[in-house]
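These notes concern the structure reproduced below.
To keep things simple, chains are lettered A, B and C as they appear, and every chain counts its residues starting from 1.
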Amino acid sequence: MSRRVLLYAGLVLAVAVILLPVVWMVFASLKPEADITGHPAQLLPQHLTGSNYREVTRQIPFVRQFINSVIFAGGVTVFSLLFNSMTAFALARLDFPGRRVLFVAIILFLMIPYQVTLIPTYQIVAKLGLMNTFPGLIIPRATNAFGIFFLRQFFLGIPRSLDEAARIDGAGDWRIYARIILPLSTPALLTIALFDFMFNWNDLLWPLIFTTSTKMETLPAGLALFMGQHVTQYGVVMAGATLTTVPIVIAFLFVQRRFIQGIATTGLK
Amino acid sequence: MRRSGLQARGGLSLRARRRLSAYGFIAPSVIILGVFLAWPMIWSLRTSFYDASQFAPPTFVGLGNYRKLLTDATFRGDLVNTLEYAAVVTPISVGLALAFALMLNRRLRGRSFFRASIFLPAVLSLGVMGIAWDFVLDPNIGLLPRWLQHAGLSLGNGVHDPNWAMAYVMFVGIWKNTGFYMVMYLAGLGTIPTDFYEAAAIDGAGPWARFRNITWPLLSNTTLFVFVIAAIASLQAFDQIFVMTRGGPFFKTETLVYLIYRKGFTDFDFGYASAAAWVLVVLVFAISLVQNFYFSRRQVKY
Amino acid sequence: MYIDYLREYRPGNSGPAMGAVPTAHRTWMRGDAVDLRRKLTVFAALAALGTAAACGGSGSSGGGSGGTVTVSFWNGFTGGDRPGVEHLVDEFNKSHPKIHVNMQIMPWDVFYQKLLPAYGAGKGPDITAMSANQLAEYASKRVFQPLDDAFSSGLIDKSKIVPGALQAGQYAAKQYGLPANFTPLLLYYNKKLFKQAGIAGPPANWTEWTADLKKLTKGKGPGGAPAQYGLTMGTHDSVEGIPILLAGQGGGVIGSDGKTVTLDSPQSVQAMTYWTDLVRNDHVMPVGTSGADADKLMQAGTAAMEVNGPWLTSSLDQAKIDYGVAMVPAGPAAQTTIDDSVQFSVGSRVKGAAKKAAEEFIAFWNSRDSQIYFANTTGFPPTRTDIGAADLKNPNVAVFAKYAPKAVPLMPGQTQFPQMQSEVIDPTFEKILNGKGDPATLLKQGATQLRSMVSGS
């Protein structure tokens, strides 16, 4: 089976390139600082050390920041999954005046870079009294144009005959949304949940801008403390980054297993 | 707003009730988007007509900022860089994503590992991975240039090389996003009923014919979406530039969003930054309209 | 909304500030709808204050219970500076029971993005620490207030502070900043590589420097570049090294008057031509590195010299490099270097007890004991003149302290400093070093751009 060999060769090569910096990160987290910058550079650690991991947990309140990250990223994910899917359902399935306008507005929202809206957003959050609170971090992100757009697109692909049949049986909009559309969209919902989660999990700027208390800092803010203006403690940063990445990798492995189930449930016989 | 449908005695008509239910579905999103996105957008649009320079009270300048943009050589260069970046990165990352998705949609030993590996860059923070790439790609002490040296290849002066810097930035952009697009394609592939393929196999269709006649048309929704998202993401390229080159050497990798950031937050020239942002918005909007038009004509309904 | 945001910067607040706005727009701003909205937002803000106070440390000044004054303090002292800074703040809070300094450390990028919106929304910090290069811009817009009364009240003894450190905080002859740190940039050299090349000590002047650089540049690395460089200096995202070279010849970027652009003076062109030749033909220095890249080469032992500040000592110690620190070699016209400083500032709306508390904190920071501690933990030379080599554990810190009086500011009092640096100076130098034009022409272009940006022009 030479085709299979070729396929494997291609995949292995691609993955090798993709993983190179990731492998570098993990190995650097296990090296003493002198070996990271040492010359000639080595990928494999020559002297293994756990001191970088000890430093991360010693120097920043890692557990606290981990919990904050979970609350922030998890909160955003849960709410945006709900609100985005509701709006996407309305856009894909329901007829109401203003539907086109809303859709165009959502496309437009996709395009504005955050750099220009940061200042007005800050003012609004401050004026609503949400500064320094988890609602202040979560609510502005509890829905997003990207998720709505993505889910609408996916919902459009689900055969209309299914919900029309349900409607004939007397099902209302909410029932169709909850009992037909959502279950059939598991892969899409998981994808977008993963996206929302990782985006917020890694976001440094947003949580730091809207909080002034160190008690509310998230993991990226903690890690950034090791990156100085002039000097970065590379080993410690890489150890922290490795620890931060593990939960997301686990989440991904969980989600991608469900893709297969997604295929099974969508078996539209 | 139009008049709501026929009013039945003692209650709402069916049509009105359905509308109300639709508004119920969109209400949370519309409120949040309205407050936290629509208003800031209007703010920035208004600011773009003001000389909201630094800290001084804004003065109305009409199209002044836009006129200034036209004569700004850096802006023109950034516009070209942005389009160049998008023109290269969008098709390559979408194409690779589709290829990976097709390869990994079949039963394959180590499939989870390959999927997870390709997806991994999407979940890693570029702040940290930028450091890792810098170490790996450093022209003097990096691993990759040294390995390639043994193979007789050179990567120039790395990200410091005016002729190469953009290629590096593009490479990392593709590296970062391909995995996520692949997952979208995998989700799309998951919706294609397997019996289509079974029927095609019975008809004796080869792999190319199956792709051409089943997979590709049935993926058109996904492709439209991925293309639009990828184009928007490319036109807004910022993160790896911020981490790796800061737009340099001498603006060779500076994109519009980087310009907006620099003008807004280091020069505090918000009027000018907002004008640049709206040029970007119009540009992206135009491109996605074209895409939408192109793909929607080829969209397949079940 | 924009107006609320701007009003924060005006010491006189609402009335007089509006005077500056053309009448047509005043009507727009004072429309009834706006007024109503403002009233509503005031209520919202009041309600918010209650919630925020419960959470503690909202960034509002002067608040506190039981006679304690809480002052908020934002800075970007990440990395190696952080432990020392945190320790000093703790010490201050312990020794001053009536004051509580509530510090938030964040990366400088985040700091600069957050500061303006925060002041705009009335949630800005009481005390900031920021690069002296950025200070003039904020001072000129009255985001900060003069702190000269810290001297008159006797909190800080002016005569004990390094003069350059004070100068770095001045704008329009007023003290808008007080030093958090101040350092000259000096020459680091790798003793092992010097020994290998048979060089006894650091070069004293350009002639020796040039000879050493050529000797220390050798081997063949990736892409045909040298395996070992004589020199490395960041040319973007970095402290500025090249202006020191220009100054050695008698040139520079902007004169000490803060007005005359000297970037294209004959001396500047001469120096730039000389060094460009060394870089492009003798490859003594890699082109286009950031400050961090340059440090990495020094840490890897693939560059023999670097011009940088004291933060590099800890990295080189960790990398186990045997190095020394010396004054930048004397140029044909002068032996000089430029400074780098972070300055404390106090928000213009901070008054009364909060202001006094802020100044007390800054005075504590600049006290003899604090400065000895800070120097020994972070490697920065003391901001005071009364700390001798005997108090300093690290001999390199003493070298930095010794040459602190020789350091001059790169572009004093420039309100558009960040712009000048990112739009003109760095790109111009990088273009020249990449051979994208001859030094004279490109420096002239850069100088023309600078002249339109210089303060007071």
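Quick note on the criterion: a residue touches a chain if its C-beta (ideal position, glycine included) is under 8 Å from a C-beta of that chain, and two chains touch if they have at least 3 such contacts.
The model shown is predicted, which means the values in this text are computed figures rather than measured ones.
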Pair joined by the larger number of C-beta contacts - B-C, A-B: A-B
Chain separated most widely from subunit B, comparing mean CA positions: C
Length of the line joining the C-alpha centres of subunit B and subunit C, rounded to whole Å: 35
Distance between the centres, which are taken as Cα means, of subunit B and subunit A, whole angstrom: 15
Multi-partner residues of subunit C (each touching 2 or more other chains): 1, 113, 116, 292, 296, 300, 302
For subunit A, residues that touch 2 or more chains besides their own: 37, 39, 41, 119-120, 204, 224, 227, 232
Residue list for subunit B, restricted to those that touch at least two other chains: 43, 135, 141-142, 146, 265
Subunit A residues touching subunit B - in the complex, by the definition given at the top: 7, 10-11, 14-15, 17-22, 24-25, 28, 36-37, 39-41, 43, 82-84, 86-87, 89-91, 94-99, 102, 105-113, 115-117, 119-121, 124, 139-140, 142-143, 145-146, 148-150, 153-154, 156-159, 172-174, 177, 187-188, 190-191, 194-195, 198, 201-202, 204, 220, 223-224, 227, 232, 234, 237-238, 241, 244-245, 248-249, 252-253, 256-257, 259, 262-263, 266-269
Subunit B-facing residues of subunit C, complex: 1-3, 6, 9, 17, 20-22, 24-25, 112-113, 116, 137, 141, 143, 221-225, 229, 236-237, 286-290, 292-293, 296-297, 300, 302, 416, 418-419, 422-423, 426-427, 430-431, 434, 436
Residues on subunit A engaged by subunit C in the complex (per definition of touch): 33-34, 37-39, 41, 59, 118-120, 122-123, 126-133, 204-205, 208-209, 212-214, 221, 224-233
Residues of subunit C defined as touching subunit A within the complex: 1, 4-5, 41, 44-45, 47-49, 51-52, 55-59, 72, 74, 76-83, 103-108, 110, 113-114, 116-118, 120-123, 125, 239, 291-292, 295-296, 299-302, 308-309, 311-312, 314-315, 318-320
Touching residues on subunit B, where the partner in the complex is subunit C: 43, 47, 52, 54-60, 74, 134-135, 138-142, 145-146, 148-149, 154-157, 159-162, 246, 248-251, 262, 265-268
